[in-house]
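Data block below; observations after.
Lettered A, B, C and D in written order, each chain numbered from 1.
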């Protein structure tokens, strides 16, 4: 085993031009707007916060039941409930501004125009470090086809978003595709500054007694440790395909889980479902990650990005 | 104020009628807790079952530990029964908004169904002296454990028991008993109803309360992932439109604010999958 | 809760013209050629056995390590090791013939010709009830593109296979696609008699100490309870898209798991990874399934196929 | 012959030097087992950790129970340590082909490294009287537990202990001790070597055996999902080409049949992730 080192390893990374004091972020929709975790996590300690998805207008979300537990994971169909970008800016952002941490705003819409609208609204707003664009939404104007599962639609959407803001744009890819690298390249060609993956896998569970789906929405997004192997694989494929920095996520619970993503090619990682199980998960991952580096005698996390040796 | 605790199991035994009584040492939580609040318990440190389970607080013992009563409803609670005294569980809480306790000269009317008695028992311990406690079940064996009924009798003005088969107390539903009680009661303006139990019962109680224009608070049971207001998974439809989070704005709501119709399906599910997993 | 019934519910189903005494099959590659489980399972009790993938020539498989455990699942990169179709017919099939159960032979190849070759070899061989065609293989003659992730390639392959045999042909679809219904329709249009899904999800795990993939093959197939929500969703989508009978699989451990697939639209189910954890898993699922039907007062399993009520 | 048992834990205690001693009641398995065979133990009934864990049989007690020694190497073994006597575990076995025990007037040379001693201890109990047992480790604290060494001394002709730091027995590697022993030994034709331990050690031992043209059997450690020959996950590369299954044709192989080079990487992995998970 390599010699341990005493000195604190350097965990800071730069992602899409955003300086992060460490690579541990919060996955969108699993950490609210930060305030919910005030009792557990000092946000100053995190590399950054990716907030719950924000849309141009408020969205009430889906009827319950919205969640269901699955083996080592969970299904959710929240329906992107959120108070809308204006309430976000006026009531949620001020709290986040108080902390010395990067704030990435996850944005979405149900048409290209809605995406552009929310992005323009956030442009130049102080306290916003960058945008994470959730492209796993149906385009209601194009028969509900999901932007993130059609390369052309994804490219057009991301190009429009890119033009609409000066902020760093990170494309959050959907894993429900045949070839993730097509979408990674589309995001690069659209001028995006980084990638975020993976979003949830489309899943379904059925209550065998009343013979109905467990979720009122029928299908939902699968997250948690169960999907980690798929997520690591896609991050690895995307990292080989494009040189954009990547935020890796999907089932991260420990520092070693995070390190898997970094070795696969992620510059930063996001902790999602684990926050529900353990509200201190982000900090635990961070401590754990630092311990791993010390144990391995690694002085700078950067030196590990994409360093998995294949074959 | 931290809410995450490693809580030592002080006592964990079957309490009768299919319930287990679990006493956890968690001084900070014990001091902070108010009736109607709940805790989230992790039943394993592994990845499956993944999520913590919500349980209402039944009472606080010696200002340092929390008493829970639970029934095996599926994988998580089945696993929980195996945890022995001396073992420590990760406990999150107290969570949610509790009941606001009645002001002087109000007569609290508490009504519990299914496994909904724990928060109301806690209520009775804190403000039960003038309270009337209604509890009902299909039959005797589905009522709360004897030790709970005994404690309720000691801590309230009167316990009204109803069973559908008449095997204990008056025959019929607890809501019938409630109706009969309200019929005889003159000073309805002094009553406030507090209910906890299956959705169908809560809906019925809130109708009755409305008929007599009595203020009524209900404690709802929704699936929860985080218990902290972050996952948006526990939403309850509101009459005013939109949803509120059972774990944050609830679990206690003013019965008038809830859009009862729309959640019936939820309840079917819940009860169904409780049946299933038994 | 519905009244329980005393009489034994009817579990028999007909799939692609094959009569099954019950819907419980063994997933290919997780039950060897039946003999491995002789100590635990009376094959006469099973609806059928889907044997490990068979190719025209013997295949040695991938170098170790070939497996890795993941949360509620496992990764495998066995490399389709098998003794070849001739050895299968001469040394493995005779054992299976001794039992009163359906035998489905899972076949694969690395070119259209190899597929056709093994299929022709099996045509008319006694004791073979049908073929399950694993299309999740790279076509070495077409730059290694996986048949099962390209609709046109899948259609051509399945059409050729269909023409090469009189046996019922069941197409085993890959879940690593954007839209499973495209492939369900392609299989139908190619004249297939049934569908089998899902195969494993492509995944990867990394040993963070030696910075190498956990599998010598780098990536592998994710199976087990972790993937069940994805599998149920795809079976549901495929069943809505085409009228072909479906063998549903992916993380089945209990009878209720099996019932989820049946309600989603599967006519039969296959138990895979669960056999490794509990060699009696198939029989346990069967007993459990019968108990479920009794509890629900269901006299005939057929009446539940696709009966999930949505919305 | 059924191989699937619900095995009651008769005793489960730390045995020193980081090992746990686990005694499981499984009469059928106990009667059937031969040295070199192993069992698969499930550490939970839940979905995670999913797979059973393989452990070599260290001895049979009173023809009815199986003795195992294990070290915490990761999540599964960590979980296993929590299982208390009285609890029952699902046990699959005995599995694999064991050592074929030496014919009369053969002197068995047993050599164990790491946590590879249990099967060889079982061997010694059955056919150890003339055996020389070599065991080595980095230091004293990495050797097998004292009770195992004591039992080995009682059941073999001689136990040769070697530690790299000299904290116990002769200084150096067990393979050095083996070489020294072979150098002095005239009747090499009477020797048969049986080895179990880390891959690197097995490779070294098989080289030494080859140099002295002594028959050598090694027991390999591969990741296993089923233990039954069904998953093809445990394959060992053969010199003749292709692979054999450690759980079925193995875990014991004739050292000459294994393609040593190709598996080195496997071993790096195994040892690495053992380190990791400690």
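FYI, a residue touches a chain if its C-beta (ideal position, glycine included) is under 8 Å from a C-beta of that chain, and two chains touch if they have at least 3 such contacts.
Note that the structure is a prediction, hence the values are computed from the model and not measured.
Identification of common neighbours of subunit A and subunit D yields B, C. The minimum number of touch steps separating subunit A from subunit C is 1.
When chain centres are defined as mean Cα coordinates, D lies farthest from subunit A.
Between the chain pairs B-C and C-D, more C-beta pairs are in contact across C-D. Centre-to-centre separation of subunit B and subunit C, using mean CA positions: 45 Å.
Each chain gets a centre from the mean of its Cα atoms; for subunit A and subunit B, those two points are 36 Å apart. One simple way to say how far apart two chains are is to compare their mean CA positions; for subunit B and subunit D this gives 54 Å. Residue positions 47-49, 275-276 of subunit D each touch two or more of the other chains. In subunit A, the residues that reach two or more other chains under the touch definition are 1, 71-73, 208-209, 212, 224-226, 256.
Contacts between chains leave no pair untouched here, as each chain touches all the others.
On the subunit C side of its complex with subunit A, the touching residues are 1, 70-73, 75, 149, 176-179, 201-206, 208-209, 211-213, 218-219, 222, 224-230, 232-233, 236, 251, 256, 259-260, 263-264, 292, 296, 304, 307-311. By the touch criterion stated above, subunit C contacts subunit B in their complex at residues 1, 71-72, 225, 256. Of all the residues in subunit D, the ones that touch subunit B in their complex are 44, 46-49, 75, 79. Of all residues in subunit B, those touching subunit C in their complex are 47-48, 275-276. Looking at the complex, you find that subunit A touches subunit B at residues 29-32, 36-37, 39-40, 52, 60-61, 63-69, 71-74, 76, 78, 81, 207-210, 212, 214, 216, 224-226, 253, 273, 275-280.
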